[in-house]
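In the part that follows, the structures are each spelled out as structure tokens.
In the two complexes below, subunit A is the common chain; its partner is subunit B in one and subunit C in the other.
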Partner chain A sequence: MFSDLNHLFAVSKENHLQGEFVVISNSKADGSFLIHHFLSFFLKQNRPVCFVGLSQSYNHYSTVAQKLSCNLNAAKTSGQLVFIEGMKLLGDAVSGNSLIKGDNSFVCKAAFDLQQFFMHIKSTLELLKMNQTQDPVLIIDNLSFLLYIGCSIPQLVMFVNYLLQKVTSQCTGSLVLALYSDMISVDENSDLLWKNLSHLCSITCQVTGLESGYSKDVHGELLITWRSRDVKQTQIKKTQFKLSDKNVTFFASGMSSAVL
Partner chain B sequence: MDDIVSGREKSEIVLIEDNIAQSGGPVLKSFLKSLSERVDKIHYFVFDPYPQKTLENIPSGCLNRIEIHDGFRDIGGWLDSSSISVNTDLVKYFDNLSGRHAKQVVAIVINSVSPLLLHRTVPYTCQTISRLARQIDTADVEQIVCLVHQDLHDNHEVAQLEHMCSTIIRIEPSAHPQFNFCTGILHKRVSGKIVRRLEHFNIRENYEVYDVTEVKMSCSKSSIKEESSIDPTANLTFNLSLTDEEKAARSQVKLPYMHDENRQDATLSKSVGEGKIFYQPDEADDFDDDDPDDDLDI
Partner chain C sequence: MAAPMRQLGQTSFQKKIPSKLQIPGTKPSLYNNQLLISTGIPSLDNVIGGGLAVGTVLLIEEDVFGGYGRLMLKYFCAEAVMTGQALFLSSLDNKPSQILNELPAPILDDPGPDSEQLVTGATERMKIAWRYQHLPQFQSSPMGTKFGHYYDLTKSMELGVISSINTFLVGQSELTETDSSEHPMNPYYLQLLKRIQEKIDSDGFGTAVQQKKRNILRIAIHSLGSPMWGENGGLNQIGSYDPSLPRFLLALRVLMRSAFAVCVITMPTHLFCDKGFVVRVERLCDTVVHLESFAGSEKEKNILYKEYHGLFNIHQLPSLNSLTCHMPDTLDLAFKLRRKKFTIEKLHLPPELSETASRPQEDPLSNLKFPPQTGSCGTSLGVKNKLDF
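Moving on to the complex of A and B:
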């Protein structure tokens, strides 16, 4: 959990990002620190978390969380965290190493049946809600993976629609999704998915590399947009960041200590 | 803009196009509010998230007339619930609905048609909207208002939708700090006249449109004209322009290639044979006095 990030997201005692739908996009810079932040942040709030890992293994998240002084293993055994290791399930299904149990029937022959997958997540969330007092959180890292293994845009948008409906409408939970989106590149599908999600979500975080190229003192830019559907204007915060081993520092554009 | 929202200008199908940068929600709410004052019942189909939130801040008197049909709860029909989805035949559904209260004046608001375009086809969406507008016998449909997220679709898909609408309101980012909204409006009047305008406006907390100002496209053109008429010879250190006297003097000058009677006469009057050749031998010339053809016997 990075305290500076909490400040940026205006997190307070009243506002724990309840009922918010956050979409994180990475383009030419690594925004995974945001995912790690949200994971440890919600666990420290004692909120039940369902985490779908589609880009890294469980050990990776566990090690990073340990650095942020958060124990995933303990959370898992206490039932606060449910970790769905998407890549491992898919790998097993392809190689046919293990029989797919009835529980994981959403993975079929190198593809995800998103409807089944949603049903699985839905029952997980309902279980979490029953056992824990607070509203559940769903984090998916990373949604682009589903696009790459052949899910179509309409399917994915439908899937996110249902997740959103389940998480933020029926109970005031939070939904955090990450995806890769390169606005400049020719990957039209990623761009289209990003636009679709931007219309659905309440907060977008865009992590981009510097326009001038890589710098060892400034690792990228973070643009946070609170989308408003009302008369008031959308609120935008833009900042540059530098990642260090256990922390991340934010500063206004061009105000890096290396520059001043 | 305010004429269309308030209903003073009749329009059968209104299409609001928005994008990520500027949400069309407030404009849609203005329509909802003004429609609720004009018709008996508004049928509000929602396929976008937060159906309840989209009705926040609308006066409760107006809310009584709005009936929400939540298409978001089970948008793809995955949950087998009774609520509508994108697969529902909206015309049939609506016919069954309006049978209950016959011959009311109703309006239909769809927020938004983007899921229909994405999960169904464009022709299906166009057909549905046009049938909703014209083929409902059980109720009198006053107006249909649709929101579409224009940046999610190809241009030709949006163009197909635009063809069947009588008013297209395209929301653009406002360049003026004084105004929150900027819209490009294309309105096809009942008489057949087509009006195209670009307007700035603001929306009050109670969703009234005010401060409508037309952005004059012509004013930018005239400023270009003014710029071009600036005299480039004004601040030169030398003289490029001529006074009237100088211009008169210049016109008097006869140039060599110009047709001039005097000069032509002079040339023609010289008689033939008057020309003579004078030859002055050079000193170095080897001049032979003898006739070189002397030896010839002709």
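Moving on to the complex of A and C:
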């Protein structure tokens, strides 16, 4: 959890990002720090979290969370965190060396059956809501991997719609999705997925590389947009960031300590 | 903290490397404590943060004729021989045994620094700072085996040396068995995955298996995704999206994460017509580098590049068990090939010393296109003056 980032998101005692749908897009810069931030942020709020890891193994998330002083193993054993190792399930299904158990029947024929997968998440969320007092959170890192392995755009958009309905309307929980998208539209399908999701969501976070190219001292730009029904209330914050081993520093564009 | 991690035993990304676990040809990373192995090209190791982390996949996007990509793969294989690690080599474009026979010979005639240092250290008594005398000698390579070797490209490695390590070659004949016709994936990729899985299981490279003597499995796949593999740039026969290659890479990542193995793939990505597909493939690998050879291109004649044989771009570096990845000074590098050495260097632009615009590679062109105009303010007698505008 980064306190600077909480400041950017205007987190306060009243605002714990309940009922928000956050979409994080990565292009030419690594925005995974946002995912790690949200994971530890919600766990520290004592919110029950369902995490779907499609891009990295559990150990990766666990080690990074440790650096942010958050213990995933403890959260897992206490039932606060349900970690779905999507990457491992999928990889085993592709190489065909695992017997798909009843619990994980959404992985079939080297792909995800999104309908089954939704049912699985739904039952997980309901279980979390029953056992824990607060509203559940669903985090998926990274939705683009589902696109890469062959899920179609309409399927994915429908899937997200169902999730949104389940998480934010029925449970007043929060939904955080990450995906890759190239703003220069090299990959048209990723672009289309991004447009569809940003149409649905309430907060978008765009992590992009610098326009001027690679820099060792400025790792990228973060653009946060709050969308609301009322056009006048749409709010935008733009900042540049630099990652370090355990922290992220934010500064206004062109105000990096390397420049000044 | 260490106890629950070891219990899981699922991944090779162990944060702390147990001190007893000493694998020849490896070293811990200075940045994030990952276990690293050398690519066989020390200058490349430097650029990507010390070496390849165990459990990751390196993708080399081949140059147009594929020669340099193949060379880098040979270095990777030769390093396996020198460090005694196991090697899994697969190719459909060439015979794997042919690649194995063409490995460059190591340069061994450098004076053994280890032994010499030890001898002088033992005989010479310290004149000052004598209280440090009984401290153990500093050893630059605690594993015994050197990390990263130099090779002579003019000679090939002796077959006897190669046969000393555990090699496993997978060519056309090993990949053509078809037992699962129902599977919706490219059969070659599926068979290759099965072979890798079998190799990891049979020789105990998995992290879940307890072993007294650990070793690393190096997996080298040559020209994956070339037409020989039946790849069509992510499109199937009827022209719709074929996710076989992304699926293969995802499954490969899962296999690598739970094994003491490192995979290097060369891929002719310039053959894929959809650039979006190339981006997808890159995202499914950990480290991605791109080669662009000057052979046959305009850049070959460019004076700016006369020292080099091609450009070397880093497209992606992995962030493993940490928020950040290794951040090198620049991602745009160049490579050159000498008789004995393949090196990757920073691409130095010639310094702008003179005050007038003196870019020899641009001037001739601009002079041809725009002959000196008589209407401009200045002397315009062919000699450009500082005051001309």
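To be clear about the criterion, the second predicted complex is superposed on the first by the 257 of 260 C-alpha atoms of A that agree within 3 Å, B and C clash if a C-alpha of one lies under 4 Å from a C-alpha of the other, contacts with A are read in each partner's own complex, and residues count from 1 in each chain.
Quick note on the criterion: a residue touches a chain if its C-beta (ideal position, glycine included) is under 8 Å from a C-beta of that chain, and two chains touch if they have at least 3 such contacts.
What you are looking at is a predicted structure, and each value in this text was computed from that prediction instead of being measured.
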{"item": "Three-chain arrangement built on subunit A, subunit B and subunit C clash or fit", "value": "fit"}
{"item": "Subunit B versus subunit C as contact partner of A:Met87, first or second or both or neither", "value": "second"}
{"item": "First, second, both or neither for A:Ser169, with subunit B first and subunit C second", "value": "first"}
{"item": "Partner chain in contact with A:Gln115 - subunit B first, subunit C second, else both or neither", "value": "first"}
{"item": "Contacts of A:Gly150 with subunit B and subunit C, given as first, second, both or neither", "value": "second"}
{"item": "Touched partner set for A:Leu39, first subunit B, second subunit C, both or neither", "value": "neither"}
{"item": "Partner chain(s) touched by A:Arg227 [first = subunit B, second = subunit C, both, neither]", "value": "first"}
{"item": "Vertex subunit A, arms to subunit B and subunit C (CA centres, degrees, nearest 10)", "value": "100"}
{"item": "Of subunit B and subunit C, the chain that contacts the larger number of subunit A residues", "value": "C"}
{"item": "Which superposed partner A:Leu200 touches (first subunit B, second subunit C, both, neither)", "value": "first"}
{"item": "Superposed arrangement (fit on chain A Cα atoms) - minimum subunit B/subunit C Cα distance in Å", "value": "18"}
{"item": "Shared contact residues on subunit A - subunit B and subunit C", "value": "none"}
{"item": "Residues of subunit C defined as touching subunit A within the complex", "value": "1, 4-5, 8, 10-11, 13, 15, 180, 183-185, 190, 193-194, 197, 241, 243, 246-248, 250-255, 257-258, 275-277, 279-280, 283-284, 319-325, 327-331"}
{"item": "Complex interface listing, subunit A residues touching subunit C", "value": "30, 32-33, 36, 57-60, 62-64, 66-67, 73, 87-88, 90-92, 94-97, 109-111, 144-145, 148-150, 180, 182, 186-190, 214, 216, 219, 243-246, 248"}
{"item": "Residues of subunit B touching subunit A in the complex", "value": "20, 23, 25-26, 48-50, 53-54, 56-57, 72-73, 75-76, 78, 114-115, 118-119, 149, 151-152, 180, 203-205, 207"}
{"item": "Contacting residues of subunit A [partner subunit B, same complex]", "value": "21, 115, 118-119, 153-154, 157-158, 161-162, 164-165, 168-169, 192, 195-196, 198-200, 227-231, 233-234"}
